[in-house]
Amino acid sequence: MMNGTQYVESLKAMKPRIFFRGERLKKPYDHPAIAPHVRTAAMTYDLARDPKHADLMTAISNLTGERISRFTHLFWSVDDLVKKIAMLRVIGREVGTCFQRCVGLDGINAIWATTWEIDAAKGTDYHKRFRKFLEGLQREDRMSCGAMTDVKGDRSLPPWQQTDPDMFVRIVERRADGVVIRGAKTHITGAVNSHEVLVMPTLGLPPEGSDYAVVCAVPLDTPGLTLVFGRQTNDERKAEEGMFDCGTPYGVVGGEATLIFEDVFVPAGRVFMAGEGEFAGGLVERFASWHRANYGGCKAGNADVLLGATALLTEILGTVKNPMVKDKLTEIVHLVESVFAGAVGSSALATKLPSGNWLVDPLLANTVKQNVTRFVYQVARLTHDLGGGLLSTLPSDADFRNEEIGGLLEKYFKGKDGFSTEDKRKLCRYIENMTSVGTLVEALHGAGSPQAQRIVMLRQADLPAKAEAAKKVIGIKGPAARKKEGH
Amino acid sequence: MMNGTQYVESLKAMKPRIFFRGERLKKPYDHPAIAPHVRTAAMTYDLARDPKHADLMTAISNLTGERISRFTHLFWSVDDLVKKIAMLRVIGREVGTCFQRCVGLDGINAIWATTWEIDAAKGTDYHKRFRKFLEGLQREDRMSCGAMTDVKGDRSLPPWQQTDPDMFVRIVERRADGVVIRGAKTHITGAVNSHEVLVMPTLGLPPEGSDYAVVCAVPLDTPGLTLVFGRQTNDERKAEEGMFDCGTPYGVVGGEATLIFEDVFVPAGRVFMAGEGEFAGGLVERFASWHRANYGGCKAGNADVLLGATALLTEILGTVKNPMVKDKLTEIVHLVESVFAGAVGSSALATKLPSGNWLVDPLLANTVKQNVTRFVYQVARLTHDLGGGLLSTLPSDADFRNEEIGGLLEKYFKGKDGFSTEDKRKLCRYIENMTSVGTLVEALHGAGSPQAQRIVMLRQADLPAKAEAAKKVIGIKGPAARKKEGH
Amino acid sequence: MMNGTQYVESLKAMKPRIFFRGERLKKPYDHPAIAPHVRTAAMTYDLARDPKHADLMTAISNLTGERISRFTHLFWSVDDLVKKIAMLRVIGREVGTCFQRCVGLDGINAIWATTWEIDAAKGTDYHKRFRKFLEGLQREDRMSCGAMTDVKGDRSLPPWQQTDPDMFVRIVERRADGVVIRGAKTHITGAVNSHEVLVMPTLGLPPEGSDYAVVCAVPLDTPGLTLVFGRQTNDERKAEEGMFDCGTPYGVVGGEATLIFEDVFVPAGRVFMAGEGEFAGGLVERFASWHRANYGGCKAGNADVLLGATALLTEILGTVKNPMVKDKLTEIVHLVESVFAGAVGSSALATKLPSGNWLVDPLLANTVKQNVTRFVYQVARLTHDLGGGLLSTLPSDADFRNEEIGGLLEKYFKGKDGFSTEDKRKLCRYIENMTSVGTLVEALHGAGSPQAQRIVMLRQADLPAKAEAAKKVIGIKGPAARKKEGH
Amino acid sequence: MMNGTQYVESLKAMKPRIFFRGERLKKPYDHPAIAPHVRTAAMTYDLARDPKHADLMTAISNLTGERISRFTHLFWSVDDLVKKIAMLRVIGREVGTCFQRCVGLDGINAIWATTWEIDAAKGTDYHKRFRKFLEGLQREDRMSCGAMTDVKGDRSLPPWQQTDPDMFVRIVERRADGVVIRGAKTHITGAVNSHEVLVMPTLGLPPEGSDYAVVCAVPLDTPGLTLVFGRQTNDERKAEEGMFDCGTPYGVVGGEATLIFEDVFVPAGRVFMAGEGEFAGGLVERFASWHRANYGGCKAGNADVLLGATALLTEILGTVKNPMVKDKLTEIVHLVESVFAGAVGSSALATKLPSGNWLVDPLLANTVKQNVTRFVYQVARLTHDLGGGLLSTLPSDADFRNEEIGGLLEKYFKGKDGFSTEDKRKLCRYIENMTSVGTLVEALHGAGSPQAQRIVMLRQADLPAKAEAAKKVIGIKGPAARKKEGH
């Protein structure tokens, strides 16, 4: 397993084509906009090397028998799934933001299960190819991102009915030695600082959409692949001296990027689905189940930091002993632990797939994510309530460093005796940035929009079985039963 | 293990002193107000004898090695706790209402752990006494209720400062062969149809409150014990022919009663705490933790039936295909599965107590109950929304049976073709009764009022640790650290 | 204007055909199930005669120039509408429950406006007929109820496609001297103790539904009209000595009934629409607008009583000084005043109709009702939270009156010194009954179900105008604009 | 009255000392950070000159009989208050953001009423001084800001117990010709582009705090006054070419600043309170009442634009016809109209003050603001839900303008046919910026934090009167009554 420094060096050995704010980045990993995200991902490597965290951060590979990072490990038991949630919370608390790597992890597991099933049904050899790819990934401890969401064009139309057929990534050429793909994936977390891109379809596909049924792995610096790093809330503050007004050295979201594939060739050994659209829906749904449960881990860890920061700030403001302040802190606790409890619950009730890895309870996993889409806004409001108007109006760090007025600002923004104005400002900046539109929207739409969860929930709730339970308890027969009896 | 019929017979062998609506009940178990609750508890006995449910409903006693009802079993592993939640949901779905027995179960576990600790600290023999009592309970498959909540008088005062010292149950005499207790416990679920009453204190007690620190087991027909069965929403409908307007044969809550102890003598072998007030808080808190997690199991099971009933009713009304109707059904699913997921999660993260049984994660368990106190009102509103005005205005069953107008009502309250008006009415009545004040308040206050959970949450959230995490991520020092460095 | 006693006498002069719990009521106005509702309506008559309330409770008729009850008055100015809301809150606070009369009031106004429009468009004389009817109603101070909601059968089908064509009230015969109607109206508030029934259609009607477009006035004891009084939560408690467990002498809802019209003849002078379906939608929508605004008045008044009762109960429990208790009381205040403010706001922005009476702002009125459908559940939860478990488990009044145990119950259910156990019980019973399913569902579905409001809101929000505002602010053109410019 | 251009020129005639991002601004009104706020305020001048808006935007001064801007007008009737709310909504819809001027307007009215009362009680001549000041303000159409919120230091301590006595603005010297003040006011909306600063205390003051009881008017370029313009979300984007990524040319909040008074001399004619601390609370509470009602006007207007933008965006995304999308748009409508209705309602129930101007209903006004503190988060979530992940990840405008990748981005971020990618991006940017932390926190804490409203609500709800109403309805006596009768 690499440590953080080795990880960063390995990145710098690549030459990806990355754009940001109108220019191609020559040294992307040193660029102020991207470095915080690299720093965050590096922390996942360092923690894996820390013996204190070995139980959560690493695992014994069922493929190779070697100790590997849990981020490249197949979910081989219920315990693996529960530990994943615990790991996500621990890291979330160490960095206080998105650390990007769970997308690739869930992608690996989804591709493992789906390739097994395609091969079983169709006699293909995708699973064998993928196993080989995965063994390499585990051995070399490479970071992979999961590229699922297409740009989608007109959302009322399926991929094959769009005016521009490229609005979903598709196979434009099938060659003996591989496929050529075209299209764009967007909102891809951790992409710019991953080694590998796992391309996956974004929805189930009928036969007429089979060209869109493509799963493959693409190295980040593959010819034809261009990344455009997304603009973030307050991203320019990263370029300021000391990054003070960023509130954190780790970035506020996952460093999302848009990936444009301009006829990228993928060799056969890296292709894991190429037209079998009937398996695309299953892949998406399982990926989503695992991934939605995650949010109860990582976001709880992030919220721990936000809660701690808010509690500290109320201490500095002198309000912490007010019973209503305590009640609001308690409500944050409640919201955070609710999603964490749900994530553990969905893991504890996992079932084994035919391919050997374990799937969280999909219904419960979806409720977790649905709750996350609500709780981040509630938590944001509570932290804003407790933090006060300064979250919106605090002068910039440069003003505090100004010779003429710095002293005055220092004087007037002082809180309780014994605390520095600087600490007060740092806490305000952290809360401000971690409750920005960037983070809220990521928590809302990441791993699927709220509506996506509701569709799954209704389907998986098995209402007919519940109607039967109701009939039994209440003593009614319903039309079917009565028909049988000749009514 | 007894079956349901044997259970009912065993009850009838007792002669408890039970009052209801102004009179002492001669045959309480046949009385229409109480019979539905007996029927519900009997179902827990029958299900335990059903091989299909053996894995959930029964367990191998760690005390005797015999197969026993899970309702008398100590939580001897994480698996026992997860299975308890699963069992509660299954039974909740079979009877659609409170089945009463989990209070005694959690009481047994709380007393087990606390007597172990008192003995370890003080050299008493409470644990030995309790073990003997419990072995008998397991062997004879007796039902116990947990009597914790005192009547409390003026809630701004502790027990020993009340004008009337009897507002919390207390020891009024200590004898060589036992103790004499006086006071009243209220809201006691399942009491009238239990064999045993487990008396427990309702709060932690300092030395001046040591007379109030009493744990003991009292048979239901002990001299000096009087039970007054609480009035329930629509309880008179139970006495009507066919109980049609009750909506269910199982009752809508747990058959709560007030228990008055008029100087009841309890022999030493049945006394498990008598003055060790410093252990009372721990007993209450652990009992509450287990019990609060339960609500994510049983209430989810009850809500399954309510959801099924509501879905059926929308089918009969002809509204089920409306996307907004589907969305509201989905919201019920979401709310229900959220509390269930949390209950499983709090069980999956259980820890072993020194006494050998396992305790759910208290923080997570409290969030479950807190969510339940909210979700029942949200679910009620959704079912009312979907069910329509008839839930409030439907004519009585007697009107439908009236010769003059029954046919007209049958005609005019008809729903979609293929469904009977009678089924429609039954569903309305079930929803009406299962969302009544009785059930809502029980879900709100049972296992502790909402505020009780919040107090625990704030205490267990470990805000200082979270503040430390925030300091680390954000890079601030805070006053303590700075002091060390000599600032 | 009649006083309360005269009102009751006038009722007793009628011989309506009313059924309840399986039997025809010989003296309906003395029947314990109905008397509380009569008592409540009588209060509206008494208050109108109280000089202290003259400004709110009465008005000068624009038809006759005489002082009349505001409940028979046309809304002839913005001030009339604002005063209506104020009146509703005052009465709501005097009786603490639904006082039934606003349905008829809004019905009068809706029929006034719609008959004016039909006549203007079609040269009919409905408005003249109605004016004459209304003058009589004002002069004799008769109470009218509004019968709008049909039983509806299969709600996915319009009236004329139902298997049974009678699922909506319709004209089955047109005669020279009037019409004959058949069908049933349900959930009709105040019907049993009104003098007149204002029959109105429940939805807009295209030509194929013209038989269902009927508006008319029917005296309560018209041959062929049968009323079935709906079953209410805990309604049997009304028959108990002293009605103690009812919590209030006024009833908990509006005394809703189902009205069955078995080929009822209505003379021409009482027919105000007979086939002009194109005007039915307008009538319904305006009626609904006025009526939905009302809920911010009467329900606020009712909630005032509930809030007062809850505050008193917390005093007796000894919890009132707890900051969290205060905060929950504050939340009730907030919810109540929000709907009241909205009702006043929708009245203050009223506009004049061609017929001369004034219509509340429909969009704002709909938001009021929508908020009410939510706030009653929130208020219920808060009162339950503060009231405690006794709301679900308190023994019956008969137990307190029992010689053997009454004293014990008196002792053990005592609260803070200086307060009687009886007062504590009364408060519990009031809260219990006023938050029952009956009241919740009435507040939810009365004046139209939540979904009905949303449909109106979306239609009246004028999204295109808001999109234009957005285009202007943001500086975008949109497809239409660009087309014009030749793009 | 000035038009917008004249207003900007009048600003440029001043030489205030303004800092931003570490430097003193030489031409503050041309600075990209401040120009958008100037532009917004200028719009209020232009609209007042537009005959179409004369009825709302202007009024006849009760002081001078001349037509003036409504922003300098005393509330001389209920109609004035209702029109103020309507005006705020109209402007809010024209600029889609905070237009700053209502603070000064409410400040004028509060000072008018309070000076009248001080003079009446103490024989001072503050009111006369203020009248003269106000006449000048009206005549010259000058913009005033209201500087109320102090920096507060340790919030658990009152002003006179702070370690540093300057944490609240105070009089440090009383001279024959005026007073000298020291301290800082923060979060001051519109300050940098106002002509006048109305200094007001932030809380009621007992005798020991009388030095903090100061009300006065200070021209912006008074010696000793320094302004530090607050840092805003994404504020650096304003400096980019075309401001594309700002989403709007008008700024996202009110341009809040911190004002530092370093021993500023205020001549007597501009001093309107100097030590009369017993009147400070009344001034604050009335100011807050008017100001809290406003939020139902301006924020509704802003939300109209946000709603329109969101609706447009769903059209471009192709999702607008989805019933769930419609339902979410409807929910925004509901939330917006609820606060607007409340604001109108609180105005419609205004009462006349002794000083002649009219005060909104304070209880209702507080509910309006409380609802606003919630609805902005709910609206933000709904717009984010409908807007999608692009709100968080959209590449910068510079990328779209880049020669190498601009075309690709144009292709891949295209929506429905007939709409431009540019419009789609603009809508995303508008929503992103208008739901940022800056705007949310401003809506939450502006005009007083949520807790401030709750304190007022509880005090003004008159719970004893409601308890009396409950006693009357329920038929209980309570301790006081019973005592009188000799119990």
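Per-chain residue numbering starts at 1, and chain names A, B, C and D are given in the order in which the chains are listed.
In the analysis below, a residue touches a chain if its C-beta (ideal position, glycine included) is under 8 Å from a C-beta of that chain, and two chains touch if they have at least 3 such contacts.
Treat the numbers as computed from the prediction; the structure is a model and nothing was measured.
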Checklist entry - Of all chains present, which has the mean Cα position farthest from that of chain A? => result C
Checklist entry - Between chain B and chain A, is it the same set of residue numbers doing the touching on each side, over half shared, or a different set? => result same
Checklist outcome for this item: Between chain A and chain D, the Cα-mean centres are separated in Å by 38
Item to check | Chain centre separation (chain C, chain D; CA means) in Å | outcome: 39
Checklist entry - Cα centroid separation between chain A and chain C, in whole Å? => result 50
Next on the checklist: Two-or-more-chain contact residues of chain D, please, as numbers and ranges.
Outcome noted: 324, 327
Checklist outcome for this item: Counting only contacts in the complex, chain B reaches chain A at residues 82, 93-96, 247-250, 304-309, 311-312, 326-327, 329-330, 333-334, 337-338, 340-349, 361, 363-364, 367-368, 370-371, 418-420, 422-423, 426-427, 430, 454, 457-458, 461, 463, 465-479, 482
Checklist entry - Which residues of chain D touch chain B in the complex? => result 323-324, 327
Checklist outcome for this item: In the complex, chain A touches chain D at residues 19-24, 149, 151, 153-157, 163-164, 166-167, 183-184, 186-187, 226, 228-234, 236-237, 245, 253, 256-258, 260, 262, 317-319, 321, 324, 373-374, 377-378, 380-381, 384-385, 387-396, 398-399, 401-402, 404-405, 408-409, 411-417, 432, 435-442, 444-446, 449-451
